[in-house]
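Below are two complexes that have chain A in common, paired first with chain B and then with chain C.
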Partner chain A sequence: MSVELVWALITGAALFGVGIYGALSQTNLVMIMMGVELILAGALINLVAFWRYLHPDAMSGQMFVLIVMTVMALEMAVGFGVAIARFRSKGSVEMEEAAELKE
Partner chain B sequence: MITGQSIFIGFFGVAAVWFGIVVFRTFSMVRSAIALLFSQTALGAMFLTMQAEFLGVLQIMMMATEMSIMAFFMVMFMMDPGGMGKMEMTHQKRLSLIVGLVSFVGAVAIAVFIDWGPVATTVADTAQQTKALGLELLGRSMLVFEMAGVTILTAMIAATSVAIQPLPLSAIKHKKDRV
Partner chain C sequence: MTFIGLVILVPLLAAVAILCWRKRSRELALSATGISFLSSLGLLFGPGSELILPGLPNMPLRLVATPLTALLSTMVAVVSTLVLIYATGYMAKDKEKNRFFATLLLFIAAMQTLVLAGDWILLLSAWELIGLSSYLLIGFWYEKPGVKTAATRAFLVTRSADLGLYIAAFMLIASAGSSDIATTLNTDGSIAIVAGIFLLIAAMGKSAQTPLHDWLQGAMAGPTPVSALLHSATLVAAGAILLIRTAPMLPPETLAVIGVVGGVTALVTGLMALGESDLKRLLAASTSSQYGLMFLAVGAGVPLAALLHLIAHAAIKSSLFLGAGVFQHSRGSTALSDLAGVARDQPRIFIGFAIAALALAGIPPLSGFFSKDTIIAATMAASNAWLFAPLALAGTVLTGAYMARMLRILWQGSARKKTLVGLKQMSIGFGGLVALVIVLGVLFPSIETFIAMPLPGNRLAVVLGLVAALTGLLLGWFIPARTLMGPLLEKANQGFSLAGGFDRLCVRPVFVIAHACEKLERRLYAAVLAVGQTGINIAHMTRNSDEQGIDLFIFSIVRRTIKLGNHARTLQSGLIHRELAISVIVTAGLFIFAAIGLLMY
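Coming up: the complex of A and B.
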């Protein structure tokens, strides 16, 4: 087995784990978005590693990377839109103060 | 076998994970955004090491812009963006740590114990890769590519419409009367 592939997959796993921790533990909306960014970064490195070491001739691997990058940008755009709306109405983007959204 | 490529992948991998951890360890939100930028840049450097030059450059450029915007929003929205007051902004820490660790261990087990089959040692040069990617995007995967474009447009409209301040009813009525 290739050392490079395993290294890349372990990096992806670590970024995924750190991202999960961040998304679950943070109370601020922008910090939660940072956690989600790290989760998606973990997916990105896996996609590039699979393309490079397993299927370098199939360019659909790189195409998927572009799609995940698009998802990252969309998450940021919509997340900041929601953050601005929330800040305007309540003066804070703390998620512990957003319990009324459940009701 | 340890090669130059594996050493660089390991180095940039450790850097990406370290800066990813720093994002949630620092009290300063601006430092968090910068740490995330370094983490994503290290990831871009990993792409370059793996000979995916186009994606590496794209990753570094995109994340530099994205994280600058994020740092800007951090300063706008946070009560203590510099982290001088050392405010605690976490909850359910133990549960989050356990879920994060379990995810990490599970993903590492999959990475290490699965036989991924034969590994490719060579890859096409950058120019050929970029040409093949262009042909892929405008050929077989065109529908997916177009869908991504339409989704970006939809998200831009949605984000703008959510973010703009709604006018009070009286102001709308006043505008209508003037027309």
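Coming up: the complex of A and C.
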């Protein structure tokens, strides 16, 4: 038995929606980044599904997924670096309080 | 060789010792001059010697003892010793004895160096040194009014004439290639003429010859022993000594000039002496006039006659000054009006004084007779005899006249008895010099053979000289100066100043030049200042254009940029989720817009 393409797309879209909600509703930097991760995870599921069902013989789809995962890891490293620096200097990572740069 | 060193060094060391020790200055000074005197006798009777000292490269300093220099050195030593003995009495009450004796010893050492110097460089140094020490001695009583001016005047006049010696010495050294005086005396041609004239200028300054005679009378402001030593026998003699020593080199043209200068001086200063109203100033004028006669003798080509008169005059004039010093102490003044009759206070001193005065006038058998006789004979034998001989005779008449007038004024009057401090020492020094005045004449023939220079003899000269001297004496004794000189008296008292004298001829023009220079200087200053001001103005303008133009433009750009940045900044909220929400909504809107577009398509 095989899962239809449409189910994979629905799963991806669900993850994307949960991610958008998380990123917009949270004020904690770590939680926002979790949301962003979920958005990217939804996009990855879409990529894999399209490769698996439409062009299973082409390698470029897989490579694209690997590159996106690498970029995700880097993005996380940078994001957590910022969060740690913020925490060390101010004692919190609440984004409502981190608007001083504007001044 | 050691004698030369002793003659110079002993007085010098004694001067230093007096300045350091500040005690027993009289004894030190007397013993130093005594040793110096004995050493100079050693030079005189010993063999001729030469002392070569290290000096400039290829120009060693030389001290030579030839018969001439040894004789002059002995003369300086004798006179200075006797004057010092006198000075120990004269300065008995003075508080500054140490300074006096130290300076006097320095002067004696310098004079001995000058006399014995064998090369131009040493001669120049000694010449400068006697100038300096004479300045110090003339200004010894610097608290008295006018003394400082007199000292400065004497120093400046002799000093400016000294330039002649520098020029002459350097010309001779350059042309002969050696600083040795004996070598340079072989110079001839035009260099000898010009150098001779410059030597004459230097000698005129030191020997107070017309027109530079004025300082010597002012120099009488110093203590009387100073006048006796410096202004009769040594300092003033330096000029004549210079000419006597360089006489072999001088060409006839220069000799003629020297003779004319000497003759004019003998007349001018003789007339001044005749009209003088101060004893020391009279003696000073007479010194100038006697040195004029010596210059005349050099000019006539017989330096030995000048030398004999120099020696005789040294003894005569020193004793005259020493006698004048006793009179001065006796009456507390040197004005002739105050001294009338002083001869009766001090009859013994006056006898010596009169002997010296008669000797100067040229009365036999005193020394002055012989020396003056040789001078007259020399002028009669000279090629310019028509000019020189009358000048010499006129000088002799004048000498007799002013000496007789002086004796008459001192004799006529009433006595005022007063006991004097230090009269004993003064009498010893004075007596020694008067004895020299009497006996020196006998020594002249032996000096003549000692020096080995030609001396013309002339019976007619003896007679003429004697007649001239007697005429002068009689004129001076019986006829008052006022009737004798008539309208000349006024001018003589003003020092025969020509066209207003130095004041009008030198001082005023110098002031005018100085004022002009000052004006020019001020103008230059203003011009420089204006240039500077213009520069500053240009700089100001540049700065303004910078500030108002370029800077303003750049700053306005900067300001606008900052304003723009501020505007742009307000667009940002700084709240991440709000920005995220905006971007999500916009993206969603775009997608919806695209979907509608696709559907419609």
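Worth a mention:
Note that the second predicted complex is superposed on the first by the 98 of 103 C-alpha atoms of A that agree within 3 Å, B and C clash if a C-alpha of one lies under 4 Å from a C-alpha of the other, contacts with A are read in each partner's own complex, and residues count from 1 in each chain.
Simple rule for what comes next: a residue touches a chain if its C-beta (ideal position, glycine included) is under 8 Å from a C-beta of that chain, and two chains touch if they have at least 3 such contacts.
The structure displayed is predicted, hence computed values, not measured ones.
Looking at the shared chain after the overlay, A:Ala83 reaches chain B, while chain C stays out of its contact range.
Judged by the touch definition given at the top, the superposed model places A:Ala99 against chain C, while chain B stays out of reach. With both structures placed on the common chain, the touch criterion links A:Ala13 to chain B but leaves chain C unconnected.
Of the two partner chains placed around the shared chain by superposition, chain B is the only one that A:Tyr53 touches, whereas chain C remains out of contact.
In the superposed model, A:Gln26 makes contact with both chain B and chain C. When chain B and chain C are set side by side, the one touching more residues of chain A is B.
In the superposition on the C-alpha atoms of chain A, the part of chain A touched by chain B in one complex and by chain C in the other spans residues 20, 24-27, 96. Residue ranges of chain C in contact with chain A, taken from their complex: 569, 572-577, 580-581, 584. Note for the complex: chain B touches chain A at residues 1-3, 5-6, 9-10, 13-14, 16-17, 20-21, 23-24, 29, 32-33, 36, 39-40, 43, 46-47, 50-52, 54-55, 58-59, 62, 66, 69-70, 73-74, 76-79, 89-93, 95-97, 99-101, 103-104, 106-108, 110-112, 115-117, 119-120, 122-124, 129, 132-133, 135-137, 140-141, 144-145, 148, 151-152, 155-156, 158-163, 165.
Against chain C, in their complex, chain A makes its touches with residues 20, 23-27, 29, 32, 95-96, 98-102.
Note for the complex: chain A touches chain B at residues 1-22, 24-28, 30-31, 33-35, 37-38, 41-42, 44-45, 48-49, 51-57, 59-60, 62-63, 65-67, 69-70, 72-74, 76-78, 80-85, 87-88, 92-94, 96.
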